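Below, subunit A partners subunit B and then partners subunit C, in two separate complexes.
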Partner chain A sequence: MKTTPSIMAGIGLKIPAIFFSVALTFLGLLFITFFIGRVVPIDPVLAAVGDRATPEVYERMRIELGLHLPLYQQFWIYLLKVFQGDFGMSVLTANPVLKDIQRVFPATLELATVATAIGVLVGIPFGIIGAVFRGRWPDHILRVVSLFGYSVPVFWLGLVGLLIFYGRLDIAPGPGRIEVFYEGMVDPVTGLLVVDALLAGEWDICKNALAHLVLPASILGYFSTAYISRMTRSFMLDQLEQEYITTARVKGIAEWRVICIHALGNVRIPLITVVALSYASLLEGSVLTETVFAWPGLGMYLTQSLLSADMNAVLGATIVVGGVFIGVNLLSDLLYKIFDPRARM
Partner chain B sequence: MKRCCLLILMSIFLCCNPVTAKTPKHILVMAAQIDDMISLDPAEIFEFSGAEYAANTYDRLIGYDVDNVAEIFGVLAESWTVADDGMTFTFKIRQGVTFASGNPMTAEDVAFSLQRVILLDKSPAFIISQFGFTPENVKEKIKAVDAETLVFTTDKPYAPTFVLYCLTATPASVVDKKLVLSHEQDGDLGYNWLKTNYAGSGSFTLKTWKPAELLMLDANQKYWDGVPAMRRVIMRQVSEAATQQLLLEKGDVDIARDLGADQLDSLKDNPDVKLHPKPKGGIWYLGLNQKNEALSKPKVREALKYLVDYQQMADTLLRGTMIVHQAFLPMGFLGALEDKPYALDVEKAKQLLAEAGYGDGLTLTMATRNTSPTMDMAQAIQATFAKAGVTVEILPMDGKQALTKYRARNHDIYIGKWGPDYQDPHTNASTFAWNRDNSDEAKSKPLAWRNAWDIPEMSEATDAAVTERDPEKRAAMYQAIQREHQQVSPFVIMFQEIEVAAERTDVKGFILGPSFDSNFYYNVTK
Partner chain C sequence: MANNEYPQQEQTVDGLRQWLLTTTPCSRLQARAGRSYIAWLSFTRNRLAVIGLGIITLLVLTAVLAPLIAPYHPNVPDLEQRLQTMSMEHWLGTDQLGRDILSRILYGSRLTLYVVVLVAIIAAPLGLVVGTVAGYSGGLVDSVLMRITDIFLAFPKLILALAFVAALGPGIENAIIAIAITSWPPYARIARAETITLRNSDFIVAARLQGAGHIRLIVHHIIPLCLSSVIVRVTLDMAGIILTAAGLGFLGLGAQPPLPEWGAMIAGGRQFLLDQWWVATLPGIAIFIVSLGFNLLGDGLRDVLDPRSGGK
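Now for the complex of A and B:
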């Protein structure tokens, strides 16, 4: 009797290989980021001590930061520390980098998750409609809407969104994650304000945090909507031309079943990759959206650190971004295996 | 299912109406850029927002009247005397003051705070150490004789106001010795703790600091000079000026701190908002690198000074955020020179360039920070320079990158701002008009050095001015230095900065001082 290996067993066999490739990816990531950080024409000591420091203070800080050592030695020391779980101190925030990331990453996670949810919930139906009504007016309208979402700068869209929904119509709250006077009233457990407020039973704060999420998440979501709907449309068009669809139709199956069960069922597999990639890119933090909405997330943290040559922070944040990317990719691989029997072989 | 989720999302969007949350009556909320703040330790703070934080949470020995800087008064010092030798300052310390921790404040705390600055030797330490203090001698030279008396001995007689002004600066903030030392680790004098914590006696105390996100201060209920009306002050990081404006217009913040000329213009007719301008010490200038052969010619330097349309830029570009100013001491400083000898004069500039041998024009680069208003100013200057055949290539870059280039003397022209570190003229004179060693390995790198300007005689004059004890003579000395500087220096000094806070009309009593360490919240009511 022939046995088919179970999903988990298949993955179990590959664990050493996965581990090795992840480790290699991280090492490469660290290496490149580290050396880019050392060749940018910004003096990291300057960022730490300011423009007015005396030469003695400057020199001492240079040594404190280890910048007097040869590059390879600096890299080695850094690697050793990272293996011990020490990402060093951020010069900009005077806090350990790990603590900073624990603070800024949930803000981005919250935003990216809601935005992706919007992208999926709106983008996939849009894509299906576009494919079904190919070349007719619903398709044209959706194409224009998507194209707009794809081509207008998010920065501008964010400002206009604020101006209309917050400034004029008064139906959305202003920028920030929460109303300032709620600030610090719930203890961070997960870092996700909405969840923390719920855990603390603070319904008002939860509602407020949720309300603050809606506008920036919708704007980010609009972008993933545009992307996801275009991809869904083309995947669907591919499927709808297949012979099994014609067969299904000939058999007299209701059209909605043909589209939503037969065609969409086959489209979901490539869609996983599309959604995963779009989620991963949002998790890197969207600098512009975060800037407009005064959203203290990973994107803003990374940019500020980079512009100050705060290398510990940049490297720490890069590892997080890399980890997220690899994690989301592994997850989509796993989903592939669940949804697509062929991938289990 | 999907439709259902969509409906839920839509209803959240519509129902979670925040009902135009106005700021509570006893909380002052400001939208500001506080991402420059990298430490809360007054011995280390050297950034604009950090200085403002320390000004509101810590007290110093003395202060000055923000409208008339010449008026110096005691804060934690009740009175002081200067001995005839001009080197010994004796302060009588105010009694009955307690720190927010409840510990009583004594001369011992003051001595510890000043000694700590020297011992830690962080960036702003030179403000105190320039009077001859070293880690070795400071415990002798700054000493608490008893609980009420502090003796401060300088290495030579300086102008007394020079010493006193330096004691109004951020590093002279008095910290709670007992509290700080209780957090000491490995002899760090509590530095690693105080970097993110608080140990002061000021009108406000620290509640929360989330770097680049939020600063929250609470009124100090034990403040010796009266508890402030605002129970809490919140500064929120809002990087985008347009967002700040929107928050202010909606009443979600009481004060917007970083609006540009465009935003200020559009707020002028808003009845709910008033603009609160205050000239600051920041001086905007062009630095002309003397390592560039063309720029080292005196006539070329002079020509460029005639190729900036000062008034036009102030009127159309900078509208209320800067005023024309052409000497290195900002208005309000002792001896500040208010002459404005330069205006746009293309013919004269052409003639000067021809005399210098550049009648056919020349090409220069300008290291320019890629933010407003620096970029806009650079473009305006580029346009007027071109009229006399001077082609400027603007090199846009990040601020710290531009500064790195400037400090390495790799620029042709640098456009930037210099802000004084304390209210005494020496702060600017020692950088614009002092350069003792012009070699690449020089220890001190003042602005004159960064532009490779070798000035032994002017440095001599600057050193003489700082030890002159007669204020009138001293003012005259600075005026003479500035006049010469205005004519010959490689600095095209253009503007003095004006800080404009946009406030809701119900906000009263917010004090903007001439420096970033003299913006105060204790008088605010609304």
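Now for the complex of A and C:
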């Protein structure tokens, strides 16, 4: 690998700039959540002491919560706390918010990962077929499938899926992550139920968890497929018009090789960004899907906290989702720079 | 080119077409009308876009005429008629409070239109101003404004809207504000990109030499030229706005009962899903049709106004 040092040097030059911009974005995220926490019509002091407290108690609590300080100092304290992983206590569960999030996050991760895998495995081949058969019936089918995906509400599709596959055909299990009977029977090692059950050698539990995963993951995966296939098609069309493709064909290279090796090789790089973006947006889609399927993940935690006005939990979950979003974007940026020599210039 | 074999009426139609398509227009009005006509011709060539336009027209008509065409009152419960299946009296059945679902869906189009129009009115001008000012000024102003835009772009829209709704409290107005706050950044980016290409062009320099100030240059010379790409983007975003608003309604954070908002109607029918499926599923079809309409229309407009991306 003769080129490795120069590649690393090229990336190295950009890294401080990238991290600076990521840090700034994260700071912006914290500022927004801080701001939201301040404009909330719920008085945090009143929430802590109750409305029968004497003015002295109220004042003492106000000082204890740091609300008498100037705003910029309050923001600074808030920043320090967040960086120590202290999002405050959840009113709803009486646990530290961070602990709650650690408990629910793996469920969302499991769902989003399987859904993205479906999106990649189905979407990329579909997109290639659409580009190769441009304007013919496979392309039209692709167009309809992705247009449907862009237009249909995810929670509605989830409900219809439950109605058909659980209610009528009875081939899918109902809502939830696992049968109540199996609840808590495997030790959470990774937090991913399917993996944990496999590690514990509990085949039945693994099968049950997998069965519960199929419907919500397919529904989310469908949206991912719609997006990934549309983008793949468009990137492939760009490549197939290029002259090097004509050259390859003229040289007598087999058509499948031209498509799968030459064109797809160049499409791979922009696709990284698309897959990363779709993965991050599934975290968002999971808020609605989890509510429909009673899936005990971050999305359901967020909505339940919202409905009970548990601001610490809402802001904590927002910071985590925003942080993951920023992190995934950063990762795709870095991968882009590693794989695409032009982006290193 | 008078052709005597044509009946009189077709001759005037032909005459109008020639007047519109002439390559030597005699007045500004004629040139403008001709340009619009050509755009209209290429728009109508796209059949899907015309279907989209039809759906949106139908939505507007339904919203306007809802009190005339809806067979029942949307919010008055009739507990004797609860959870009726589809019949001649109730074409789409009734919900858990005995309200006619068809009437509620028809009235719900008003709320959908309300959300979409208000979000567009708030977010598009905000994005336009931020983008054009950033692109026109350059330097520090540009960096600061674009940094803020990037920060907003870096978040998942629905999550940010959820957090804002949490702060402002549930309700359709607050949902609109939250969605608008989260949807202006793409417009700012587009407007800035267009502004940068225009900033140093000759006609701007000429206007400046004639003594036009910064505000005049931005408002009269730059913003009009950014409008078409922003309009295309807004139309394409409408579907997303409708889906987000319906999602907020579904979670109980958007329009509050008894408003016949489609997302909230789905949430209301959820507990009867397995036995009375029509209560929860039918409003979803309405959401789907309307966002499909906006997607088709947006695609068509993009092909007309931005030929570069045609067909991809």
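What we mean here is this: the second predicted complex is superposed on the first by the 272 of 345 C-alpha atoms of A that agree within 3 Å, B and C clash if a C-alpha of one lies under 4 Å from a C-alpha of the other, contacts with A are read in each partner's own complex, and residues count from 1 in each chain.
Heads up, the rule we're going with is that a residue touches a chain if its C-beta (ideal position, glycine included) is under 8 Å from a C-beta of that chain, and two chains touch if they have at least 3 such contacts.
Quick caveat: nothing in here was measured; it's all calculated off a predicted structure.
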Which of subunit B and subunit C A:Glu284 touches, first, second, both or neither: second
Subunit B versus subunit C as contact partner of A:Ser234, first or second or both or neither: second
Touched partner set for A:Leu147, first subunit B, second subunit C, both or neither: second
Partner chain in contact with A:Ala294 - subunit B first, subunit C second, else both or neither: first
Touching partner for A:Gly167 - first (subunit B), second (subunit C), both, neither: both
Partner chain(s) touched by A:Ala309 [first = subunit B, second = subunit C, both, neither]: both
Touched partner set for A:Gly176, first subunit B, second subunit C, both or neither: first
Dominant toucher of subunit A (residue count), subunit B or subunit C: B
A:Ala200 touches, of subunit B and subunit C: first, second, both or neither? neither
Touched partner set for A:Ile18, first subunit B, second subunit C, both or neither: neither
Where subunit A meets both subunit C and subunit B, residue numbers: 40-41, 159, 162-163, 166-167, 291, 307, 309
Contacting residues of subunit C [partner subunit A, same complex]: 147-148, 150-151, 154-160, 162-169, 239, 243, 246-247, 250-253, 263, 266, 270, 273-274, 277, 280-281, 284, 287-288, 291-292, 295-296, 312
Residue numbers on subunit A that touch subunit C, as the complex places them: 21, 24-25, 28-29, 32-33, 36-37, 39-41, 147-148, 150-156, 159-160, 162-163, 166-167, 234, 237-238, 280-281, 283-284, 287-288, 291, 302-303, 306-307, 309, 311, 314-315, 318, 321-322, 325-326, 329
Complex interface listing, subunit A residues touching subunit B: 40-43, 46-57, 60, 90-95, 100, 103, 117-118, 121-122, 124-125, 159, 162-163, 166-167, 170-176, 179-181, 183-184, 207-208, 210-211, 214, 218, 291-294, 296, 300-301, 304, 307-309
Of all residues in subunit B, those that touch subunit A in their complex: 2, 5-6, 9, 12-14, 16-18, 20-21, 23-24, 27, 29, 31, 35, 38-40, 46-47, 121-126, 195-196, 207-208, 210-214, 216, 234, 236-240, 242-243, 246-247, 249-250, 252, 397-401, 403-405, 407, 421, 443-445
